[in-house]
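Scroll down for the structure; my scribbles are underneath it.
For reference, chains read A, B, C and D in written order, and residue numbers begin at 1 within each chain.
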Amino acid sequence: MSDEKLNIAIVGSSGYTGGELMRILLNHSKVVVTAITSEKSAGKPITSIFPHLAGLTSLVCEPLDPAAVAKKADFIFLALPHVTAQEAAFHFHKLGKKVVDLSADYRLSDPATYETWYEHAHQYPQLLKDAVYGLPELHREKIRNASLIANPGCYPTGAILGLAPLIQTDAVDLGSIIIDSKSGVSGAGRSPSLAHHYPEVNEGLMAYKIGTHRHTPEIEQELSALAGKQITLSFTPHLVPMNRGILTTIYAEPLSPTVTAQIHALFHEFYKEAPFVRLLPIGQFPNVRNVRGSNFCDIGVYADPRTGRAVIVTAIDNLVKGASGQAIQNMNLMMGFNEAEGLRCAGIFP
Amino acid sequence: MSDEKLNIAIVGSSGYTGGELMRILLNHSKVVVTAITSEKSAGKPITSIFPHLAGLTSLVCEPLDPAAVAKKADFIFLALPHVTAQEAAFHFHKLGKKVVDLSADYRLSDPATYETWYEHAHQYPQLLKDAVYGLPELHREKIRNASLIANPGCYPTGAILGLAPLIQTDAVDLGSIIIDSKSGVSGAGRSPSLAHHYPEVNEGLMAYKIGTHRHTPEIEQELSALAGKQITLSFTPHLVPMNRGILTTIYAEPLSPTVTAQIHALFHEFYKEAPFVRLLPIGQFPNVRNVRGSNFCDIGVYADPRTGRAVIVTAIDNLVKGASGQAIQNMNLMMGFNEAEGLRCAGIFP
Amino acid sequence: MSDEKLNIAIVGSSGYTGGELMRILLNHSKVVVTAITSEKSAGKPITSIFPHLAGLTSLVCEPLDPAAVAKKADFIFLALPHVTAQEAAFHFHKLGKKVVDLSADYRLSDPATYETWYEHAHQYPQLLKDAVYGLPELHREKIRNASLIANPGCYPTGAILGLAPLIQTDAVDLGSIIIDSKSGVSGAGRSPSLAHHYPEVNEGLMAYKIGTHRHTPEIEQELSALAGKQITLSFTPHLVPMNRGILTTIYAEPLSPTVTAQIHALFHEFYKEAPFVRLLPIGQFPNVRNVRGSNFCDIGVYADPRTGRAVIVTAIDNLVKGASGQAIQNMNLMMGFNEAEGLRCAGIFP
Amino acid sequence: MSDEKLNIAIVGSSGYTGGELMRILLNHSKVVVTAITSEKSAGKPITSIFPHLAGLTSLVCEPLDPAAVAKKADFIFLALPHVTAQEAAFHFHKLGKKVVDLSADYRLSDPATYETWYEHAHQYPQLLKDAVYGLPELHREKIRNASLIANPGCYPTGAILGLAPLIQTDAVDLGSIIIDSKSGVSGAGRSPSLAHHYPEVNEGLMAYKIGTHRHTPEIEQELSALAGKQITLSFTPHLVPMNRGILTTIYAEPLSPTVTAQIHALFHEFYKEAPFVRLLPIGQFPNVRNVRGSNFCDIGVYADPRTGRAVIVTAIDNLVKGASGQAIQNMNLMMGFNEAEGLRCAGIFP
């Protein structure tokens, strides 16, 4: 059955992004998942960890042994915690496998920046040079030729997509950027903690890690590259009582007086070939409910005539366009499949 | 593009079941939706009503004119309110179209029962005789040959699937049946009301229409037919603060002392050919989160050694297996497609 | 400041019931909390554990040393895990203090039953004999004279209050009782676990511990005592995505044909002196949202003319009438205060 | 019973702010509610509209007849929609009653600004001059002597309290202010609409009325007055799936390099006498869950060393400090009661 399909391994399959990779890949016509690993669930069927997959797969988790996994699969998704993923990526890369790493380990091109923000040294700076930041809307061609993809973080995906058209066209003051993001709780992962215990989160709302969240340098790196000069920006994440979704509200000051139609046109031009960006008509703004379970990024734009500021709002599903869906979009590009293969689905509403 | 595909019309497309039909049919390989109707949204694109479908369809709502719709489509889903659907079904049937009616109008085979519970006379008792109750797990063969399907109610789907194996095998006292159901809010439809206003529902929980809900005679009709004698049972619906899902907890007294393994075996036998029933291993019970967005019905069974009672728990997504997914399952059977075509997807978790 | 007020200690103050005791007692005119204990938070202000109390108290947690605590307080609330509470109750009792134990340790009068269901031997069977089950609606006079109160469990409170009037008047078949309960997540306590991790619970719904929940023998003990004979009943708890509240739906078969007005009259008579039971008018049923944060138990009753069954629905806040509020109601009775002192507040809606 | 207590009327009692006034006033030692009005519920007990108040009040709604109400009460809370409140305030004022108006009608001192944003002319510009903006932390002394209070909007309360210390001390660039607010759904009122229908809101998140929300001129008016010059700022409201709470994240650029401790000191000084502002320790940020049901405004401050920006976060309960609680705080000041009378309660957590 897998003769003509690409054989896939999901390394680190017990977290939410692992489950989401399985869910989407089960309906992908060009691939078959042939191996899944989980240290703590080795020997157990994946359906014991994710009962929603029952009846659709009989895969059993195995411990992470790169050589053994490499025999079963030619394409590797790493859904491991950061730091851990460094070495796994190295091994699979050395074994000649194409790799999409969903962790943060290969996203920051400067190892010193990585060490500053993640408090661990990077063990594979050589490999880091080969890694491509996997945001297809910015790096589609480089992704096609890459063998190691650093899949973007959830917040950076929503933030960068909302700013790239403005930065690339020199439309805004680079010192004026403020990104106020609001995320559902699945973004915090599947490990239980008091901070994400149901009664602590439900009917609650807070900002956290103000100015210090690890996704900040990732956003700055990508936007600085687009701008051709260093950007320092404000990023504030918030935790919202919902399972999925990130809404990002972005403020920036145009360098010259601007009306909404101009901003809209910039975005339209920038994303005209992007199959997963839906630019909303002028006057409409996105809602995370409309992207739930889908790979879309919805964007609404506004130029405020009172203050002169541009306000951009983006909505993604943090587990799909913000993680596993984007990883599959990257795989599609790397393998020469249609970019939207397996991802051309509506989200679930309500 | 629609040359070789079945042309479909969705009549009444602005409610949640209409939106869900669209979402699922967009990924169905054998059909194409060619017409959608909505009185209040005539002239508007469906994506203005359901922005989560943006980028996937450009269909525009039209008013309900059976002759005009019949020219565009050969298979009709009726997602209209009850009473209204009576006439629409009649017209499309007369025009030679196959119809799946998602309303309650053709579910109760006795027009007098319909009139008692729905407080309207049935205008088409002749057509009522031709209608087949569209629960594939009970009536698969009749559905294949039907031209008018009465698609089951959401509560009845979860209740009947949890009782059929016990009733068919004469395993329980027919006078002992109690069905305690808990539904998410989308089951109440998309029309705003104080009872379903967000702050009234969230962090709330209540029983409603105790002993008087209109789905009661529907459950009794199907189970009585299986039993070969009239069953009167207790049914209590509850409203739970979540979007989707019905969990049904069923109590019945076995006619002879029974252990869980016996009940489990009965269910296994009964559902061994059913692609959308997932009987859980002994000791496990379903959670609506595992069927969210999918057409599965998960079932767990238990024989309580202390009380002697059987306790069965079923979980469905009220909009999928409890409405639109089941409607498409019925279409698949009526058209000779694979029963699971377009429906073989995992739900979305979390 | 505490000269004329009763000095109170809360032993085990870091869980939800501990926090709720603090919240309510801060507005109780006759008492002052003078000591709070928490092993893991010893040395920290209570407001670091419960920031909602900031500005209202400066109490600091201390480790549990019964002799030290006894010097500071004359009345003790134990909000410890079961098993742990056994010994604490013993020590404070020996030191001459009045104690309300919110754990399960002194609820089951038969130590063998305790050992069967809680899998630990009871170390203080003599003291167990002195403990009074603290459900004021059943045992008001005994509570007034008690020195050790076993505060009822959350599920038993809602279940017993919904059945006591029927049992005491021999109105129903004792073998027919089914209790289907639905609880918010705070009932599971404040310790993080995968089962109560936000994305696992939100938009989910399940039954658990069917027929085996530890509150079962507690309900049976109290109802059996009322009946004068042993009752064995079905009890099914469910987990609902909300913070607070238990809705209990009860089914029982009247011994003779009964109409709703008769049942309503029984309940009216039984609870006519109970300040915290609100019997709803015929035709109305309770919603947990109406008791959120309050000590009320709302009750609705129905005699189903179709099946002959009685259906009773009760709603409580599991942390108030189901735990801390009831504990304070018991203290009021034990100390000769007005039964409703500090508890005569509306819940918070919405 | 009301002999020595202040007699209160709540005009417009069927909305959430009306219900919240009742809830809080029931535990206020100095007042008694003697009249409540509701056009659509005239003749019905308030407990039929708000069942959570059952057992605590037997008040019956009456139609709004100012003369009749004025005979029963000496202090009037207006919880009417805007425009409607204009005339009611005028009549009660003319009858010599003290009035707190919870609507927007008397908040904007310039009638032209009112007309621009509310699209109705102001009929009582003379009375408008007498109205005092009821934010005690800014206008405590004027409130004590006022006879008509314009109770602040929910968003403005959270926004102004988070900016006042910075503005008053000339600490920030007045052109740099961005206010990103996130509100629970009760802020939208109790009238059902599709936008606030449960399944549309739950698991959703959106910005709305970007740059055009009516609370914008109210925030600007108060801050401009503090600054002594006109401020134009960005304000973006968001709708969050929770019942209560507003979290406001504020960005502003200090005029000179600033560290967090300096900002913290400014806030400490500004609010040292304010009984309902809780300034959090450096490094902590507020969560709406900690103010739920209470009159507190929690504030956290941060000076970002990377960007130089100040980030302030405030949390209030929109129905309490953002509406009814603040109205009662104003009444306390107007009547010479203790400012915190009836409001010195912890919120409900979880």
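Convention: a residue touches a chain if its C-beta (ideal position, glycine included) is under 8 Å from a C-beta of that chain, and two chains touch if they have at least 3 such contacts.
Computed from a predicted structure; not experimentally measured.
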Exercise. Please state whether C-D or A-D has more C-beta contact pairs across its interface.
Key: A-D
Quiz item: With chain centres set to the mean of the C-alpha atoms, which chain is at the far end from subunit C?
Solution: A
Quiz item: Quick one: subunit C and subunit D, Cα centre-to-centre, how many Å?
Solution: 36
Quiz prompt | Gap in Å, rounded to a whole number, between the CA centres of subunit D and subunit B | solution = 46
Quiz item: If you average the CA atoms of subunit A and of subunit D, how far apart do the two points sit, in angstrom?
Solution: 39
Quiz item: Where does subunit C touch two or more other chains at once, residue-wise?
Solution: 16, 184, 186, 199, 202-203, 241-244, 287, 289, 292, 350
Quiz item: Residues of subunit C touching subunit A in their complex?
Solution: 16, 184-186, 190-194, 196-199, 201-203, 241-243
Exercise. Spell out the part of subunit C that touches subunit B in their complex, as residue ranges.
Key: 178, 180, 182, 184, 199-200, 202-208, 210-211, 216, 232-234, 236, 238, 240-245, 247, 249, 251, 285-289, 292, 300, 302, 304-307, 309, 311, 313, 315, 350
Practice problem: Over in the complex, which subunit B residues touch subunit A? Could you list them? | Solution: 16, 19, 22-23, 26-27, 50-56, 186, 203, 243-244, 278, 287, 289-294, 296, 298, 344-350
